[in-house]
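In this document, chain identifiers A, B, C and D correspond to the written order of the chains, with residue numbering beginning at 1 in each.
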């Protein structure tokens, strides 16, 4: 941590501050310049309150040097984390994400009926997806919109899992629902709940991988701090998901931030996947953005597929048909071959 | 709702679409132009899925005309809502916000000790605040940061309430904690939980006013949709709070959007208050921004006051001292007089 | 400037870097910590390329400590700059902005006719405005939209100046037009040209105050760097203008960033005014935002007034009628009295 | 254009408005609903001022249906525009961009010396680049930073063109410099000048392709409106360039908006290229983002290459070495093969 003193700080004030800082257990290195004096704080600075320091009359600025995320930080864990999910659809009984293992999660935005989810599951499996997604609890902006089939939706997902062997992924909105998620293989935290810290804490004690979506207006560092909430509780199996951020541009629903892929791979050892469906909000942009995500190193994709997009109860305009999904998987496969 | 058809739509396609729309219970008015044909959908269009319509081959664009917020909409409820909070500190036993009633909520970011909260309560009451705020459950970006005194903090707030008569305001992060909030007069929903819909639904069944803060990246319409979640459950006592949005500018923590005040007053009948402390993140900007908020019509203010800002466990840099708060209240009072 | 070295930097690498830095004329203070080594660069670091330093294998991060704006920086020029504009409408022959002198610039978005501009000039003068604005060269998003009366518009402004004595303010889009601006008292640089550096350089050699509007997506520091371009050329009479930034919120045309007022007053000695008309894009929000701007310390206002808003050739929806402007000036005057 | 009337509009007011609109030459189709009346304006609505309409007491909202860009609009020009640049380095004497022709423009941020630019030119040509870029006039945020070699830089580019046959691309900042650009093959307009309309108008009369970079905070529609300024003057050879937008995320310099590629391909027939160097600001992210751009359909790339990045006078941290560029071109080539 760096503390920059104002020009008018007296020597006595400076010495008092240094003494106080040393009492907090950090060592202080002083650099006196013509126009500025800098204190370099070295050691464990986690007890030093930056905001409080900034308040002091003689302090001009305080800057943190080292990252505040620890367990997810690649500096302290250089190897890629590989997350394993038991899968009856896989020859070796397991599906892997991260560390070179690529995985596609596909399925409808909302579970609507047994027939729908089972049919979609079969189609996406045939196309090469390794997991099935389906929303049972749906976070909707409007209280008057369809809120998902809830518990019943999770039961239908289990049926589709039995029929196809595909592990299932579904979003949780409340830790009180955790017992309903027993058969769910990966629990998803949606963008709007990325900083629902009570939920994150609860998921830190769960023995399942968590798929954590980046919030609409959250930085990559905040995404890692939220992963840190889960990991600090003991659950280190976190998959990060870039799904678009909110900007001034309104041609697409959100702005897919693909630079986040190389950036996150540099910052953290956790796997990173991309959701081209929610980010663009348009079925015709899903294929190009899926391919771009693969090209820049994503560890997986999350794609909405619906057997009848024009009738989907929500988010229809961004879902692919199974035929369109076949085409995406074909192109993605070819691209993976050359990478 | 307006549906714009593509130039190449055949008459048969058009008639099929019109028939389908009429089957959904809306009447359709057709405007045929040289380069475009427009369908005006009139009646109850809430069952029409805009996204699905956009997907159709012959549809170029779909635009919604009327707002999706109903209970909070000023069009259907032209008079200002006035929210009443029982108060032993008030001569008539009640504090009011909205409809010309101005109210200041002040107190520390976090409750730290009985001595602290009681002293601050006395000081802000003396300065003219009508309610006491204090954080017991704290949403912090980092799991390693101080998380608040939780249940104990709420008990200390109750003590301060007894000592001063001031109604108390505190943030809830989880509906499971609701029973701990029995003595709290206004329950606050923080910016990060503005779209925690499960929490909002639970608060719709509570018999206390809810102070709903705007999310960092949420539009005013989304803020009203979240108010709508609470109101749809039966609790129509919602106070809206502008507290800064996330932009590219980093001189201030967030960008306080004061245009939101006249805009919200136009859109809704609910009272709107402003938090100049969290939005700017700097004690020295609180006074000018508080005055600006009053000048443009805010129904109240929420201000952080701490008896020893330099030692606050969190957010110290943005808290005022009681003396600084006295000065703000003095200037705010003078400004209220001329408005 | 602070340079943070990577953990794996050898002593030899470190010494080589320090030697190189010292060769550039700065002194280097070294702080060795357990997990990080910090080099504090003190002296004139303007020749050190931060980006290049960051590129070095052993460097983890580089942070600048001192601001890059010099002439506009309040640290080196603590007193407020007061800008004087000759004015025949003023009893002492001069209008002042800054350092406690408050000034309102009002007039139509575009000059349309002699009758229009003279009538508006008379009305805004009567209401208390101290300068007249009017667009002659108009930057329009569309090449098919009205581009202003150009040279003829400037001539009409001169006529209005003769009739009322009010100094005139008009926007320049190209330094080749400078000779047409001889009778203009303050030359305005619009938001879209805030980083048109060739234009700024040319205005550095002009002997008139420059009104520099903040760009739609520019930080306050960038605004000061653009002022710096003008001041570096010798023209130190720069007035800054906050006119809204681009965010995700679309209820208002832009988001008026009023925190910029106290922030700029802290960063710079230059006067700061606010344009509530362009920022909100709506006549009915102009009054509340004008009052808010005054309340938080703006040195002046720039307000659009049109004698027949419903027929304005551009930006009509945001213009006030002269009667509405009378009302704003009345309220602003009362507020100035208590400040 | 759609005009939505307020509920309280009387029949007389409505008829007056309709008559006035018809006088402007548009036909009006009326849809009367329970809660809203809609006027559909059909025909040439370019003379109708939306802002003025919105101002009327009885009008609730006005929405434009058809796009305001014409010459760049794919609807009126379905085939891809292919831009041809004479090239002595190409076997058929010409380099093409657009309509399936892929082109890489590479070179240093700034021209620094004959030796540098000639060496880089040879290396990027050998790697497969089809054009050479080099900055002579440099837009820098600070007036104290290196501003480019200006006219001399253009002369050095010409030497490199003679040596290698590669067409050259360089940025213009002022139409007064146009005669210096005679030997330049493609004139670049930088992000900060995207809405420097006087410059755009001047380039509309130039007989060379224009490379138009998207502004930091400009929408895709605004980008097309700026292209429209050039095209309206007669120069229809415009290449669009996505180079990152400004958001709250600061891990990368800007946020590269790759969804802009499929979006622009849908909106316009003009070629679209991507600059992964400026957008990310980091050499190590250039390769993944270049590959992603190719994967989602970019018609070309613009990449910074410097023979000694650690010594570049500006933007060093984002430049590739020639060896790194070889690697990027190799991977891009393989990816192009499978697309």
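The working rule: a residue touches a chain if its C-beta (ideal position, glycine included) is under 8 Å from a C-beta of that chain, and two chains touch if they have at least 3 such contacts.
These figures come from a predicted structure and were not determined experimentally.
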Pair joined by more contacting C-beta pairs (A-D or B-D): A-D
Most remote chain, CA-based centroid, reference being chain B: D
Chain centre separation in whole Å, for chain B relative to chain A (CA means): 27
Mean-CA-position distance for chain D and chain A (Å): 32
Whole-Å gap separating chain B and chain D, where each centre is the average of the chain's CA atoms: 39
Where chain C touches two or more other chains, by residue: 217, 246-248, 250
Contact graph of the chains (line, ring, star, complete, other): complete
Touching residues on chain B, where the partner in the complex is chain C: 217, 219-221, 245, 247-252, 255-263, 266-267, 279-280, 284-285, 288-289, 291-297, 331, 334-335, 338
Residue numbers on chain C that touch chain A, as the complex places them: 2, 4, 27, 29-36, 38, 40, 42-43, 61, 63, 65-66, 75, 246-248, 250
Of chain B, residues touching chain A in the complex: 46, 49, 51-52, 54-56, 68, 70, 139-144, 173-176, 192-193, 195-198, 201, 215-217, 222, 225, 228-229, 232, 246, 283, 309-318
